[in-house]
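In what follows, a single structure is set out as structure tokens and then discussed.
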Amino acid sequence: MNVAVVGATGYGSAELIRILERHPHVTLTQLVSSSQPGEHLGNIFPHLSHLSFELDEIDLDALAEAADAVFFAAPAGVSSRLLPPLAERGLICIDLAGDFRLSGDTYQEWYGASPPPEPWLSQAAYGLSEWFPSSIRKADVIANPGCYPTAALMALAPLVQEGVLDEGTVIVDGKSGFSGAGRGVKQTSLFCEVNENAYPYKVGQHRHTPEMEQVASTLGNRKQSVLFTPQIVPMSRGILVTLYGRAGDGWSTSRLRELAEETYRDSYFVRVRGEGRWPRTKEVQGSNFCDISYEWDERTHTVIGIAAIDNLVKGAAGQAVQNLNLRMGWPETAGLEMPPQYP
Amino acid sequence: MNVAVVGATGYGSAELIRILERHPHVTLTQLVSSSQPGEHLGNIFPHLSHLSFELDEIDLDALAEAADAVFFAAPAGVSSRLLPPLAERGLICIDLAGDFRLSGDTYQEWYGASPPPEPWLSQAAYGLSEWFPSSIRKADVIANPGCYPTAALMALAPLVQEGVLDEGTVIVDGKSGFSGAGRGVKQTSLFCEVNENAYPYKVGQHRHTPEMEQVASTLGNRKQSVLFTPQIVPMSRGILVTLYGRAGDGWSTSRLRELAEETYRDSYFVRVRGEGRWPRTKEVQGSNFCDISYEWDERTHTVIGIAAIDNLVKGAAGQAVQNLNLRMGWPETAGLEMPPQYP
Amino acid sequence: MNVAVVGATGYGSAELIRILERHPHVTLTQLVSSSQPGEHLGNIFPHLSHLSFELDEIDLDALAEAADAVFFAAPAGVSSRLLPPLAERGLICIDLAGDFRLSGDTYQEWYGASPPPEPWLSQAAYGLSEWFPSSIRKADVIANPGCYPTAALMALAPLVQEGVLDEGTVIVDGKSGFSGAGRGVKQTSLFCEVNENAYPYKVGQHRHTPEMEQVASTLGNRKQSVLFTPQIVPMSRGILVTLYGRAGDGWSTSRLRELAEETYRDSYFVRVRGEGRWPRTKEVQGSNFCDISYEWDERTHTVIGIAAIDNLVKGAAGQAVQNLNLRMGWPETAGLEMPPQYP
Amino acid sequence: MNVAVVGATGYGSAELIRILERHPHVTLTQLVSSSQPGEHLGNIFPHLSHLSFELDEIDLDALAEAADAVFFAAPAGVSSRLLPPLAERGLICIDLAGDFRLSGDTYQEWYGASPPPEPWLSQAAYGLSEWFPSSIRKADVIANPGCYPTAALMALAPLVQEGVLDEGTVIVDGKSGFSGAGRGVKQTSLFCEVNENAYPYKVGQHRHTPEMEQVASTLGNRKQSVLFTPQIVPMSRGILVTLYGRAGDGWSTSRLRELAEETYRDSYFVRVRGEGRWPRTKEVQGSNFCDISYEWDERTHTVIGIAAIDNLVKGAAGQAVQNLNLRMGWPETAGLEMPPQYP
């Protein structure tokens, strides 16, 4: 199958290329960039200079000719414009940006922009692979989840589906490596500003908040609010999410672990950690794994859920490929069997 | 004034020496080490090889001869044994370990060991400098707070004193640089295990939990439970604490900031950050500052408090010296005026 | 083909497992550890807990039964003892330690121990894949090069083979990430000791020195001394080597680059960088690539050669697999096609 | 004494402010910025938000009114223009840029711009404090050395002064933390590009080369060429320099150390390391120390000199203040007694 990537100059794209180049069922045929068309990939990403790609200008017909599926790894707003005409031409479209993740109203509220046009928005499947496989298998537009929501929901979903948590008590405390901020150039992104630093940003205002709420509400069959605090920690890759929710009597760490093991029994990419052994971002680095564990705090009747992913793999490019695998009926792990890179 | 340090081979001691060497009212006369007596300081800490100290064996009489005040920077349990005889000999004793921070019962419960003997335990002042200055000024035994409790309580104390938070809803999510783990040698402390890694540890079980609860309960005049999750992030110094607590109607980010500014109006070492400008650990690095800010999340009726300190300075050695300053009636900032080191 | 790894608890082993697990022609059948036999691999390396290996005690007959080839990733001295009996049993033996790299006399001099027994030492091929493919193809004992020598020789070999450099003028300045130090537990290996630190060690005394000299002398057909300075820089992976050598008239940066391009024209894993674009360790991270470039300094008549590798891949596990590929007549890149992981 | 800083928004300035704020004989009266005049210092550098400075536009008369000495921490070229009129007004001028370091011809050749006007260029003293104290004491214009030249020359100067090294054999291999690149915004300066990366840049072309040559030639009384390779390693602060030079018979590591100890006997800021204990950048971090050591490699008749400094302190702001101290006849260590910050 021929695939293309639109928005080829960011870290997410580099990761898509890393994965797609070795995928057994896929040939990467086109890399599209509006910012640097005509440039050699090796000049954008010297680590990929052994590949001979040249970036192309966007040309919908050429792209539809060259590819059967397209990944959008462009900034918010681009896929709203470019995805519909390509979906119309029959391409499978997987969007790594936020455009197709939310209901139109919620998108308008949190992004301050018009949502993408119908019928595409409604047709889009939310690509949290382990939770919505049947809609993903049928969809031609797949909205790949955000990095924080992926980590948060992998730990939160079993709890809300089971109705474990008291309404309105969910807090998600996220810590992310800096690659999540992308390759854009700002003073606050300089090495010396980030190195040896830990800090929160967009407290209570991050756009991944409504994404978590929407999916948690869907799975729990009732409105679920989420308070979300994103934080930067000084590393390149990895998201660690610690979530908190109040629960009634009768829980224990082992019961929570059983729930997780039961839920993810057939999910290759989810590793439920044993008691007293919590996820670490380095243990999933470079892989599509999501490691999770739970702890019951009897003193405060709180469930603590912990999840670790590589934000560029399970949090972006890896899950996007996992979704293509689902959509195409290939083994879910095709092209994604790389173990974590350690140390 | 002559001062000594007991337990001279850890990171906290290095920091004490860095500060005491430049303190205008203090002469450092003795460094005591049970593990490496007779060793030159420069062999333990080559960065201090311009100083000509030699480590001494513990000898209570010699120590009482050499010093009028003593800092204990030794592992838990050491000060329980060595502090009482030195306090008896009239020395001002400042303990950086946990021995004298908790009530006897709580100590027994969380440390699994007998608490230090009376009357010393009862006489010990809790050395959170900004909150207990009057008892510190009179005390001959000062229990310097833990690093996490310092950061957490600096943000939590104004809230509980004012009764802002609903009972039993306080969650403290802490992120720490690795120097908090000390200089002990373990596989999990190797560079390659910590670098590019973020992970929780001792979830719900960390000994700093009862310390936060005890102080919050005292200041709030009612039992206050705290759920505390410590986490490692890949940097040497710094603690970032994000705390969450439910509150009733009528709050706002600006009202919370006013409360903080009011509370800390005369506290040189507390910098209340403006709206939308949250604390960053790098902005306090190497200094005794504690930067804090609050956010009100109207959607979930939650107060978010954020505090950043250098775990080795305000979280350990710096606050210990601040307490000596208080005790001696010196300016609170004596020897502690160093600005943060950036970047 | 069934393969085994002896010495399964170090970083080199983790990397071998990462690569061998995905190798198209290989099944990993046994992991041997003398330090932790019976342990689950996932307890040694939680990032590999999705694999179900258990570490085995060393048992030569069982190993010979289970595997046709064996990688030794154990500390110096182990393969001297264990490799001969396995080679005798007909296994292809690839040693990642230094035991079989040097002539007996040189080994004795630099390692202060008896060299491994004959005929095995003499039969061992030096596994610098690009330079000794014909002897590797025939060898049953392959001495995989050290990490520094790999990087240094990839840049040095074209120069000495061509007789570019003046005798006795070669200086190799090496910078290494910390994983080269292994997973052993020492105070100097703690995160806080290595983070934000750069320093030399074993100046003029590192055991990789005679290895560089021996190979350079062989390729240049005359005795070639090398002065080598190893240095630690604060990262997990990667070696950057900067080498210097005097040369006569008539050289230029472009002539040097042509020489490199000519030499490595058929070497997939060597990427010669263009003028003004020097190798960076991050651009080879996680891959088997060696990026190199040269600069001619007309002012001092000096050739500057620069090479970057991932010390655990091309500098250890990756090249070991490349050598197995050569030995077996498989494509040189089998199992090694993973692009660098960036960022 | 009142002092001002011109160019107040870079890392060098932050460091100047850190030091000057605590200097016993100095009052910092003005911070000048052409890029952000009118801005509060705390908005440029939140870590300094406890200070109440506001940045001023450049106004020569106002500056001459406000200050008796001025530090230039602006980009190359600025002091050429602004320093002469201020020197004319009688201010002591200390320039941290490269404008006044080189002879006019050499400046023109390496900077591709006209050198600053006479008589100021000729009157400028080269501010390598330990080596040119008498000219610094008399100068009204002091050209503070570059960061690499400071480290390199502190190790090189004793050798060339004594005539130890063979002509034309000096190689300086420098490794720097990233703060040396300044706070300017470029894609290659992003955290994710620098983290976990080591690489050379401007090989054989760096402007610090002629600075090293000029000073080495002066001290050795003969033309001394230097080959210099700068390299980035992933840390914020610190420069490690490894230099190589050939020498005749009769040297040894201990003789070299004696030479160094003799040379620097009265230099508080130079710490000569013992045999087998080489300098580490972290051991000077935050301080004005320069740690050095030498090694004699008998096999290749090469002297290896190693020096470590904090590039922002001894390599910039600290040495600038040291020079002011010399110029004013204050103790050389005034305001500079801070020990290294470790870890």
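In this document, chain identifiers A, B, C and D correspond to the written order of the chains, with residue numbering beginning at 1 in each.
In this text, contacts are C-beta pairs under 8 Å (C-beta built on N, C-alpha and C of every residue); 3 or more make two chains touch, one makes a residue touch a chain.
Just so it is clear, the model here is predicted, and its values are computed rather than measured.
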Greatest Cα-centre separation from chain A belongs to chain D
Residue numbers at the chain C-chain D contact, same meaning over half shared and different meaning under half, come out as same
For the pair chain A and chain C, the C-alpha centroid-to-centroid distance in angstrom is 36
Distance in whole angstrom between the CA centres of chain C and chain D is 38
In whole angstrom, the CA-centroid distance of chain A from chain D equals 46
Touching at least 2 other chains, the residues of chain C are 11, 179, 192-193, 195-196, 234-237, 280, 282, 285, 343
Within their complex, chain B touches chain A through residues 168, 171, 173, 175, 177, 192-193, 195-201, 203-204, 225-227, 229, 231, 233-238, 240, 242, 244, 278-282, 285, 295, 297, 299-300, 302, 304, 306, 308, 343
In the complex, chain D touches chain A at residues 11, 178-179, 183, 185-187, 189-196, 234-236
Counting only contacts in the complex, chain A reaches chain C at residues 11, 14, 17-18, 21-22, 45-51, 179, 196, 236-237, 268, 271, 273, 277, 280, 282-287, 289, 337-343
